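Consider the two complexes below, in which chain A is the common component and chain B and chain C are the respective partners.
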Partner chain A sequence: MGYYDLDEILADGQKIPCRFTISVPGLGYLENNPGKPVIQNTKLDLPLWLAEILAICEIQSEQNDPKEDPDQPTYFIELIQPDFYSSKIINAIKTNALKIDLHQLLPYFYKLSVKWGSMFNDTELMAIVQEMFKQRACAINDYSSDNNHLQLLNSEFGLQLDETERMLFRQCIESHRDLKTWLSS
Partner chain B sequence: MSLPKKYKNTFLPSEVEFQAEDQPILIIPRYALKDRQLIGTSIPVLKPMKRAEVPLWLGFILKQQDRCNIVTPSWLSINFLKKAYQEEVTYTTRFFRMPWNWLEISKMILDKASDDMTEPPHQIRALIQDLREVRLIKARRGLKELNESYMQLDNLSLMEINELRPMVVGVMDQLRKLQVGTNEDEEVSDEEGPLSYDI
Partner chain C sequence: MDETTILGDTPLDAVYSDRVRRFQDFLTSPDLGNMDNIKKMLTLGQRRLAVSLDEIRETDKDFWLGLLNTPADYLPACQDGVREAIKSIYTPIDYPDIEITSDTDFYVSFKGSFGDHQLTPRTIGSHFLSKMVSVEGIVTRASLIRPKIIKSVHYCDATGRFHQREYSDQTTSFNPITTSALYPTEDPEGNPLTTEYGFSKYRDHQTITIQELPELAPAGQLPRSLDVIMDDDLVDLVKPGDRLQAVGVYRSLGGVGSNSSSFRTVILCNSVYPLHARSTSVKSVERLTNSDIRNINKLSKKKNIFDLMAQSLAPSIYGHAYIKKAVLLMLLGGYEKNLSNGAHLRGDINLLMVGDPSTAKSQMLRFVLNTAPLAIATTGRGSSGVGLTAAVTTDKETGERRLEAGAMVLADRGIVCIDEFDKMSDIDRVAIHEVMEQQTITIAKAGIHTSLNARCSVIAAANPVYGQYDTNRSPQQNIALPDSLLSRFDLLFIVTDDISDEKDKAVSEHVLRMHRFIPQGYSEGEPIRERRNVTLAVGDSSNQDEDDSDDRNKVYEKFSPLLHSGAAEMAEGSTSSSKKTPKVLNITFLKKYIQYAKQRIEPQLTTECTKKVVEIYATLRNDHIVKNSPITARTLETIIRLATAHAKVRLSQTVEIKDVQVAEEMLRFSLLGETPATKHKSSPQKSPKKKRKTTSPSKKKFQDDETELYSVSESEPEYAEDKDDGNEDADVADYQPRATTARTRSLQERLQSAYDEEGEDEDMEEELVDVEQIREGLSQQTLREPSNEEDILQETNTNMDQPATISASRFSKFKSLLSMLRSHYESTSEDGSAPVADLVTRVNQELSQEEQFDEQEAYLALEQMQEKNFIQISEEKVYFI
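So, the complex of A and B:
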């Protein structure tokens, strides 16, 4: 993880659904409606780096006294639970973590989960994600030894790996291969 | 340093082997050699046919020059290895206590001094291979118990740990990141520690 980490940047660019709590003039181009305002309660997909800021940035306006208007929203947008954390997916993860197609679902699932977890402190969700990662990591390690890695690359599971898991897979293969080369040298 | 990441996070097997070369080994010299003091270690007086304990690397140099015979360590025998294998199979939850460098030393002795062994080297080699496999399977099973903060693999040797390290460290680090409420600490440690294990 770091400033120059490409995966990190790509994970930050992942779009997540959110809802505008106020109308913003001139932002219509976000929903292919240039020149028009974004109306209150519009649902939009925004990249995480933007959504995160807008969701935690408080609106300050000089003429408004909070006492006068308690319904006045204090944040620009609200984050909506994205599809990849929907109960359907979570149940699928609980049933069989090895069968989830993470690559199709979200190539940066874990990186995003880390951010999500720190934003919402969702202990329950993170526990599920941790358990899933553990199970999948064991499967990855099993595949990566004994020349099995070619099998994995061609198998269904191999195409369903998240980017973090791919990195782990590569490291495991290298480690096992190094030892094997040494043993037979 | 501009080393590839994998060299920073773990050792190569050859580096582990290099470390193991410092282990003492018994030899039977054929020629006399004066004692000498080296940085960090000393070599005793070598008298012909009198057993002496020297570092492995010296033993192999002398062996190569036909100046000594290497005494096979007691654990590198068919009996001991068979017993170890039995123990490994019997107790599924723990590892049999092998020397810390057993893989490296056995490989070096089998490669460089197999003619000094009293028992057939190919049998020893096969037993070592079996032992390694059964321990690897056991270690792999143990990995299912991984968590973000703690891991204990008693009696696993250096080379075996080294093989599993990228996987274990990577998984534990990721689990730690996924742990709610730890992310603030992590930001700090990442900036400070050039040795942090990134995955």
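So, the complex of A and C:
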């Protein structure tokens, strides 16, 4: 988890939906419409690192009008709840965490969840994600004992792991192997 | 489902009553709104309450686990819970639609996330037995609905007492003991009993078979199927072909034979959710909001609404402006009438596209399939006449004969898309004749005589007989469908795949642009992921709607040059001067518009319109030009239908002249290949169409809408280059039918009809002078050298006796007659040659008096054909090549 961590960078580059609160000229190429402005209330997917900044940067109005419109947006964009935190997904996670295809949903689900959770201070979501991680980690550990780890790779669950879980799986296998060598020596 | 609990004779032990109480707590919990749902249910007179599994899990996790894993213990408790909750609020005055007695059953249906209990008929295994599961699939078979005895009441004459017996088997309750299905005949003392059928209680019962969704089945494997039992209020909710998600308890019914260890398994269904997917017979209905209606009304005021809507259809398909317009009219449909004498006037518009391979015909069908509220796809080879209409089958359970609806019956009030129409065998094709005009299917076989409604539009795509459209042959020969069938199609489009540099370039650019398009959220080179969120929650449609509420309210699609260039091209074609980005309507909005127009608007013909319609029909009938399909009285109705559909586009309650004009334009394009560019003065800058001389006139006609764009840019010198001295009169003849301006066009027509009908007319004199002037002007432009033939032509022109040139229609008529005679000569004469004089006589024999070719005309036609290397003329003899 460092500045040069590739996974971290990739997680940061994950696109999340945003809504523009103002019209921006010349940004049309973002929505396959080169040369045109992005108009107000356009929905666009932006990478997290950019969206985060734009969502918290305040717009400095040029003339400090005292009778400024209170509805005037103060931020460039506003974040919309992404699909992967929709109630549907959350319900599915609560129903059976092992059956969620995290890899298809979002390959950096946990990394992004941590960022999202800290941005919005969403403890409820974090509790759910944490519970999910615990359940899945147990399953991963079960699979990573020597006889089983090939099974996981062949099973459906093995294809549904998120990148963090894959790393965890690798480490579990190694530690099991180390334990075995230590016991036998 | 469990009867025993309702009558109160089950030991209501503490555990059971605790479960009932817990479910009641859940129902009455104020923040979940279940009580409101119960009230709504009672008001509607229904007996099935939908509850969310997610909400149950949030309130009582143990109960949720129990419900999913041991529904036999929990489901009866739930039903009792609902019953108790209803009892607490029910009054007959408040809810007149439902009467509650001790016999009234209440059920619970479930929605929400099923996790690993979300299955398909393939993934369901033995460890799911006696658990609650959700299965999705397509209904392949639905049995008859039959009553099942639940409780029988008997009266004993001797004692004057009533006896009752309850019946339960594996499918009606979770009690594993199946009671005997026999009615008791005597009471314990041996007195005879009379069954009181009126007091007995029966329940509807139906078994359906669902099959794995074919697209989700693993590659190379046949889909598997599963039986689902639908009881009581669930019967008749689905029909074969529907896609659905069914929630229920997976049960085994015990051994099939006495010594068999295999079991028959079924799902005892408690909730059904239809899935709206394309090519199902589930009709999708758009919800119209106030703002939608405002938008629709605002849009309908636009002048170019017809063009705007047509160009928004299938923006991924390049060109084919007229077909798109026709599809739009078809989606709207005409106005159906049922006369008091029993006659039925069809309102649906039928379309046929005949054309070369790879001209996006099937793409158009797919588009219709996805857009129309109800559309069913079939192919010519994959469907039989019986499969399209109706079949008599034998019911597996009862052995009774019954009727099974075919594709066209299922598509009642919808659209049937038939691909590869030409590949269909003639016998099967005849089966749809009745549907296409009478819109009913009459069946008299196997003791069943009935008539089914099949009020559907047909859109069909076919290839020409020889694979490629052969321009040397007449349309009839190319299409090779009987006139009886062709006349049932309102519009027939011939789509030819012509080789032209500009068009090919434009099409390839368009196709490449489509391939370059990357959906939002994807990086370059990333494979498109399949969306599988659908199965995450069962029966939760409300969430979806909220998600894309923004998209739903949009009127216009954001224009993307990569996706919508097809529309851009069309817009340019119609308005020519406007260079601004074309507007493309959002497809959801378009659907709403069509739905609104279809429901609300019933246009009436005005008197002036009827006159116009009659006029158009008479002109078409009298025209002796080669037409793609026969002109019959059905054509008259076609004009009315098309005009009515166009009035619907404008949301107008009356059919006006402009609607009829559009109808005529469409019909003329379909029949004769004429475009408004040649009919009306749409833009002054349009130069005369010039084609490579190899294209024959009949072929060129159909590509007009595609080529008009480019013909503007074609320069004059090119035309001059194209010709050499020898073939110039052929070029003149070739050029003639595609007249320069509207004026010459109409002139040409009048000339033609005048010639055809009366032979001579006083007006013709000055008109012909006009033609000559124009021709002279052109000859100056194109630097033609004067030749003898030219002189002759001009002379004859001034003589006024005969037409100097041969029109394209006359030429193609001559050509088709010649090809008919070809075999005659090839068999009779040694070298296959034909003397010219004899040939002309024989050709004329085939024609009526006013259609005869005179010497001059025949000579011109033969010359023209020689130029095109169809024949060789030498020494007054014609040699076929």
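Following the convention adopted for this analysis, the second predicted complex is superposed on the first by the 176 of 185 C-alpha atoms of A that agree within 3 Å, B and C clash if a C-alpha of one lies under 4 Å from a C-alpha of the other, contacts with A are read in each partner's own complex, and residues count from 1 in each chain.
The definition used in the following text is that a residue touches a chain if its C-beta (ideal position, glycine included) is under 8 Å from a C-beta of that chain, and two chains touch if they have at least 3 such contacts.
Because the structure is a prediction, the values reported are computed rather than measured.
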* Asked: For A:141, is the partner it touches chain B (first), chain C (second), both, or none of the two (neither)?
  -> first
* To do: Would you check which partner chain A:184 touches, where first means chain B only, second means chain C only, and both and neither mean what they say?
  => neither
* With the two complexes superposed on chain A, say which partner A:174 touches: chain B (first), chain C (second), both, or neither. => first
* Looking at the overlay, does A:89 come into contact with chain B only (first), chain C only (second), both, or neither? -> second
* **Greater chain A contact set [chain C / chain B]** => B
* Touching partner for A:44 - first (chain B), second (chain C), both, neither -> second
* Asked: Is A:113 in contact with chain B, with chain C, with both, or with neither (first, second, both, neither)?
  -> first
* **chain A residues contacted in one complex by chain B, in the other by chain C** => none
* Can you name the residues of chain A that touch chain C in the complex? -> 15, 31-34, 43-45, 83, 86-89, 91-92, 94-96, 98-99, 101, 104
* Asked: For chain C, which residues count as touching chain A in their complex?
  -> 53-54, 57, 112-116, 118, 517, 520-521, 529, 532-533, 536-537, 540, 543, 547, 550, 558-563
* Touching residues on chain A, where the partner in the complex is chain B -> 1-2, 5, 110, 113-114, 117-118, 121-123, 126, 129-130, 133-135, 137-138, 140-142, 144-145, 164, 167-168, 171-172, 174-176, 178-179, 181-183
* **chain B - residues contacting chain A, complex** => 6, 10, 12-14, 17, 107, 136, 140, 143-144, 146, 148, 159, 162-167, 170-171, 174-175, 177-181, 183-184, 186, 190, 198-199
